[in-house]
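The same chain A turns up in both complexes below, where it pairs with chain B and then with chain C.
Moving on to the complex of A and B:
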C-alpha cells in the first residue's frame, strides 16, 4: 500500500470544529496532526470587564459544558475574594453541575459515539442489526429514549438554575435560588425517573451492580442494557487495544463541597497517586497559531498569530504538566479517584474501551451522588452569601467538567479583569505538538490506527477521536 | 423539508438546547412534520469525506436546499479573510461557505444571537471580528447585505436567544414546513413574532414586586431585579416566563436578571450585567412603551403604597410573610 496523507473533516458528532491530518503508511496511521480550526478569543474579550461579568460570559464558551465553565469562573472569583460558597450553596451547585455532566455522558454515548457502529461497514457482525435499531444517528430507539431521559433530567437545572445551558445561578458565594421542600421532592422524583431509565435501558440492572464491578474483565462481561451492547461490540472489535493514552491521568477533583470533593483530585501514573501541583502547568505555543512564549496560565496571554505561520497548525495551545502530556476525562477521573474497576483497566492502559467504560461507570456513580445531594438539601439554610470582589487579586478555579480537568486563572487589577486564562479538558487531550516535538495525547493515540485502502475517513480514527468525547468549542475558546 | 445545519463560531448551545425539546422529543417532532436534516454537525452519521460531496451538491444546486440553518456568528477576521474559522476538511472559511450557500436556500435561518446579530462572540473588542448572518449588532448587513432575500423572498429568519429555547427553533421550522411563516410574522429585527411579541416580563413571578417597585437588593432575593440587579425583562422580547425553560424554569424564576439575550448587542450593556445603571438614583432604561413621567410618578406612588408583606419578601430569599387569607366564617 502506498503512503498517503488524509485530511479528515468536517469531523462531526464532536462538540465544535475538528480537523485531523493523517499520514498513513503500511495500512495504518503513522502520524496525526490535530487542528482546532476555530478561534473566538474569549480570554482577550474578558480583559477590562467587571470581574463578575465572567459569570455571564464564560458559560457561553460552551453550550455543552456551560455549567462547568460557570462553576469554574465562580470558583476563581471566590478564590480572588478569599471567600467560599455557603455549604448548601455548594451542594446545589454540585447538583446543577452533576446533572450537566450526567447529560453530557448520556449525549456522548448515545448521540455521538454509538452511531458509528450502525454503519454499513459493520454489516454481518452479530450485533449489527441491534446497533442499527438502537443507535442509527437521529433515528435509533436508543437515541430517542436517551434524548427524552436527558431532557427530563434537565428539569432539575430548569428548577434550580432557570435554564440550560447558560445559567447564571452559580455565584462565588453559592446559588441564586433557595430551594423549598417542594423543590426537593420534585428533584428527587426526577432522579427516580432517571434511575428507572438507567436501570431499564442503559444498564439493564441496578446501577449499584455496575458500580460494584472491580475488574476490567467483569466490565467486559457485562451483558445487559445498552452498556452490554457496547461491551459486546468492544470485545468483537478489539477496542481495548485501540487508541492508547499517555498513562498519566489528571483530575482536579469534582464537586467541591465543605467536606471535600466527591471524586478526588490527583495525578495517577505508573500505578501510583500523587497530588497535583498546578504550578507545574505550562502552555506551550510552539505549534499553535499564537504569539508569545510558554507560560503558566496565571501569566499567560492569548494573542493569535494572524498570519497563521508555520510550524503552527492549530489555534489550540499545548498545555503540559511538568513538561508532560496527560489524559483527562471521565476514565481518568475514576482512575484518580481510585475506583477498583478503573484502576484495573488503567493497568492495561487507556483505550477506546476504557474511556467509554469509565464514562458508564461515572454515570452510575453520579446517579447515586445526585440522589444523596437531593436528599441533603436543607431548605431553611442559606444558599448564597454576598461576596465582595476585590479591587486587586488573583484566583484559580479548578474543577472537573464532563470531559475532564478545567481551570480558570483570573487576575484583577483596579477592579477590572487584567488577566483571564482558561485550560479546558480537550485543550489537554487534543493539544498539538510541543517545542520538543512531542505529540498531544490524541495525536499519539491515533498512531497505529488501521486504515483500509478505500477509507478516506477511517473508522478506527473516528472511534478513537470520539472516545475522548472532545469539546472543541472549549478547547480554544 | 430538508435542512442543512452549519455550526459557525458559537458554543453549540442552541443545538444542545434543541435536544431539550419535549412532548414529543425533537426527533419525533421534526419527523412528524416531515423536517429532516440533510446534515447536522452534532447529530448526523456522515462525517469527513462523506460530507464533502453533499456540500458540493448543495452548492451546485444539484440538491435543492429548503432551509440553511446557521448556528454561531460568522468570523470575518483576521483581516477580512474569515480564517479564524475554516470549515474543517474543506480548506474554505465558514464566511465563504455561508456567502456561497445562502443564495441557494429557499429559507435562511440564523439560530441564536451569535448567528442573528453577532452575540457573545462579538463581545469586548470583538477579537475575531464576528458578525451575524444579516446583522452586525443593531446594524442591518452582516455577512449578507440588508437587502438579501432568500429564494422564498424572506430576509434571514432571526431566531435570537442565548441560547434559543428549543420550541423557538422547532416551531419556526414547523411553520416553515407548513408554509405558514410570511414576512409579516417576523418583527423589525427578523425575529419570529410568535415569541418576540412577548416580553420576558410577561408572567414573571416577580410581577407583584414590580408593581410596587419592591426591589431585591442582592441576587437570590425575591424582589424585582429591575432597580438594582440589571434586569431588563420589561424591555426584552421573549416568552420565557410564559413557556418556561427545561420544565418550569426561567432566568428570573431562578433569581438572576434577564440580560436581554434575544436582542442585538446584549453582550455589551456598558455596565456589569447584574448592576442597574442609574442617573440621579433612577434606573436608566424604562419599561417598553412606558412614558418616563408616568413611570416616575407611578414608581414613587407604588413604592409608598408597598404592603409590608411585599416589602419584606422582596429582600428575603424565600417567602417570609404569606398573603393574608380571608377566612369566611360559617
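Moving on to the complex of A and C:
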C-alpha cells in the first residue's frame, strides 16, 4: 500500500466548516491535522460593550446550540454580580436548555450521523436496504419523523422563550417568561407526544427500559427501533473499536438548579472520579493561528495571526486540563454522572459506538427529566430577580451544551466588558496539537482508522468525526 | 385526477429534451406527495402569501406545468440558524415540499455527499442549470486578509460566492448575515464580514433579514419565487413588502398598553404579569419591520415579546451596534399603524423614488431569464 496525504473536507452535515489533513500509511491513518477554517471574532467584538449585550451576541455564535451559549452568558453575568437565578427561573431555564439539547441529539443521530450508513459503499450488508429507507440524507422516512418530532418539541421553547433559535428569555436572575398553569399543561402534553415518538420510533420500547440497561453488552443487544438498527450496524462494522478517546472525560455538570446539577460535574479518569478545578484549564496557542501565550481563559486574549504562520494550522485554540487533552460530550457526561451502562462502556474505552450509545442514553434520561421539570413548574413563584451588573467584576459560566462542556469567562471593568473568553465543547474535542506536540482528541482518535486504496473521503474517518457531533461554528467563534 | 403531462405544454428549456422536463409537481410525486396534499399545499401557499383562494388554481397550474427552478444553497460565515429555522419549517407539508424542491441540487448542511463529491455536485448543478438557478446564501463573506477567515474547500468563501453567483438568475440573502452583516460584523468587525449585496452587484438580490428569519417567511418567499418565477414586491431596502411591510409595534398584542402608557418597569414585576408594554425594557418593536407579531415563531406558538422579552430588532440593518439591547428606543417618531418601511423612510430621509430598486430588481430578473432563453434558442 502506498503512503499518501489526503485532504478531507469540506465536511457537510456538520455545523460549520471543517477540513482534515490525513497522513496515510499502510492503509490506515498515521497522523491527522484538524483545521477549523472559520473565524468570526466574537471575543474581540464583545470588548467595550455593555455586559448584558453578551446575552444577545453570544447565542449568535451558533444557530443550533444558541440556548447553551445564552445560558452560559447569563451564568457568567450572574456570577460577576454575585447573584443566582430564582429557583423557578432556573427550572424554566433548564427546561429550555434540555429541550434544545434533546433536539440537537435527535438532529445528530438522524440528520448528521446515520445517513452515512445509507451510502452505496455498504451495499450488500444485511441492514443496508433498511438504512437507505430510513436514513438517506434528506429523504429517509426516519429523518422526516425526527424533524417533525423535533419541530413539535421546540414548541416548548417557542412558548417559554418566544422563538428558537436565538432565544432571549434566559437572564442572569432567571427567565423573562412566567409560565401559567395553562402553559404547564401545554408543555406536559407536548412532552407526552414526544415520548410517544421516542417509544414508537427511536427506542421501540419505554425509555425507562433503555435507562435501566447496565452494561455495554445489554446496549449492544438492544434490538428495537432506530436505536436497534444502530446497534446492529455498530456490531457489524465494529464501531466499538473505532475512534478511541483519551480516556479522560470532562463534564461541568448539566442543568444547575437550587439542589445541584441534574447530571453531575467532574472528571472521570482510570475508573475514578475527581472534582474539576477550572484553574487547571489553559489554552495553548502553539499550533493555532493566534498570537499570545498559553493562558487561563480568565486572562486569555484572541488576536488572530494574520500571517497564519507555521506551525499553526487552525483557528482553533488548544484547551488542556492540567496540561492534558480530555473528551467531552453526551457520553462523557453520562460517564461522569456515573450511569452504569456508560461506566461499563468507558471501561472498554471511548469509541464511535460508545459516543452514539451515550447520546441515546442521554435522550432517554433527558425525557424523564423534562417531564419532571414540567410538573414542578409553580406559576405563582418568582421567575426573575433583578440583577444589577457591577461596574467591576469577574464571572465564570460553566454548563453542558449538547456536545459537551461549555465555559464563558467574563471580566467587567468600568461597566464595560474588558475580557470575554469562550471554550466550546468542540474546541476541546477538535483542538490542534499543543506545545508538547500532543494531538487533540479527534486527531488522536483518527490514528489507525482504515483507508482503502480508492478512498478519498474515507468512510471510517466520516464516522469517527461525526461521532463527536462537532459544532464547528462554536469551536472557533 | 390524471395530471396534464407537462411536456405537452412546454417548449424546450435549458437545452434539455422534452421528455426530460421536470416540473415541481413531478418532483413532489417522486417524493411521495399525493395529489390531495399537493392541492392543500397550493392553498397553504396562497394564504401564506396573502393571495386569496382565487389564486389556488393558478399556483397549482404553474407547479404542474413549469419546469422546476433549481436552487443552490451556500453557507458562508454564519451560525446555521437560518437552516435550522428553515428545517423546522412552517406547515410540515410546506417544509417537505420546499425542502424536496431545493434539496435536489446543493445544500451543505443536509446533503448526502461529502468532500470532493459534494463540490462536484455543485459544479454539476451550476453547469446543468446555467443562468436558471436561484442562489440562496446563508451567511456572508469576510473580506479581511483576503478572505482567509472563512475557507471552504481550500478557497476563501468570497471566491465561491462570486463563482456561483455568476450564473445565477437571482440571489436570496437569507438572514441578517447575508443581508446586513449581523453580529459578526459588530465593531470592530474583526473579519470584515460583508453583506452579499456589497460583493455581488450585478444580480437581483432579495433580502430576507432576521436572525434567523421566520420559517414561514422563508418558505413563503422561496415558494413565491419558484411558483411565479419573479421576485415578490420589494421595499426600498430589498425586503419583500408582504412580510416586512409593518413594524412589530403595529401589530403587537401589547400595543394597547403602549398607547395607554402602561409599561413594565422592571423584570417580572406586577406589570410584567399583566402583560404590559416592554418599551421601557428596551423593546425595539417600534422601529423594527418584520412579521413576528403576526406570523409568530415555532409554528405560531409565540414570539419574543410574548415571552416577556423586548424585541431586539434583528431584522434591521445595524441592530448589533446600536448601544445596549436593553437601552430604550429614543429616536421614536410616531407614525400611523399603516405606514410601511418605505413611507417611514421617505419621511425620515425626504427622498422620492420609492420602489425603484424593487422594480429594477424584478425587471433584472426577467431580463436575465430572457437573455438565457434567447441564447438557448440561438444555439
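We take it that the second predicted complex is superposed on the first by the 477 of 477 C-alpha atoms of A that agree within 3 Å, B and C clash if a C-alpha of one lies under 4 Å from a C-alpha of the other, contacts with A are read in each partner's own complex, and residues count from 1 in each chain.
As a convention for this text, a contact is a pair of C-beta atoms (placed from the backbone, for glycine too) under 8 Å apart; a residue touches a chain by one contact, two chains touch by 3 or more.
All figures in this text were calculated on a predicted structure; none of them were measured in a lab.
Aligning the two structures on chain A places chain B and chain C in clashing positions. Residue contacts after overlaying the shared chain place A:430 against neither chain B nor chain C. When the two structures are aligned on the shared chain, A:18 is found in touch with chain B, with no touch to chain C.
Touch criterion met: A:166 reaches chain B and chain C at once. Shared-chain residue A:313: touches no atom of chain B or chain C. Of the two partner chains placed by superposition, A:197 touches none, neither chain B nor chain C.
Contacts of A:178 after superposition on the shared chain: both chain B and chain C are touched. The interface of chain A with chain B overlaps its interface with chain C at residues 7-13, 15-17, 19, 37-41, 44-45, 48-50, 52-53, 55-57, 60-64, 66, 111, 115, 118-119, 136-139, 144, 147-148, 150-151, 154-155, 157-169, 171, 174-178, 304, 306, 308, 315, 382-384, 386, 456-457, 462, 473. Residue ranges on chain B touching chain A, taken from their complex, read 7, 9-17, 19-22, 25-28, 37, 39-51, 75, 77-79, 83-90, 120-121, 123-128, 130, 162-163, 218-220, 240, 244-257, 259, 261, 267, 272-275, 317-318. Contact residues of chain A toward chain C in the complex are 7-13, 15-17, 19, 37-42, 44-45, 48-50, 52-53, 55-57, 60-64, 66, 111, 115, 118-119, 136-139, 144, 147-148, 150-151, 154-155, 157-169, 171, 173-178, 304, 306, 308, 315, 382-386, 456-457, 462, 473.
Residues 31, 75, 77-85, 87-89, 92, 95-96, 99-100, 103, 107-119, 142, 145, 148-154, 182-184, 186-191, 193, 211-212, 266-268, 272-273, 292, 296-299, 301-309, 312, 314, 320, 323-326 of chain C are the ones touching chain A in the complex. On chain A, the positions that touch chain B within their shared complex are 7-13, 15-19, 35, 37-41, 44-50, 52-53, 55-57, 60-64, 66, 107, 111-112, 115-116, 118-119, 136-139, 143-144, 147-148, 150-152, 154-155, 157-169, 171, 174-178, 180, 304, 306, 308, 315, 379, 382-384, 386, 456-457, 462, 473.
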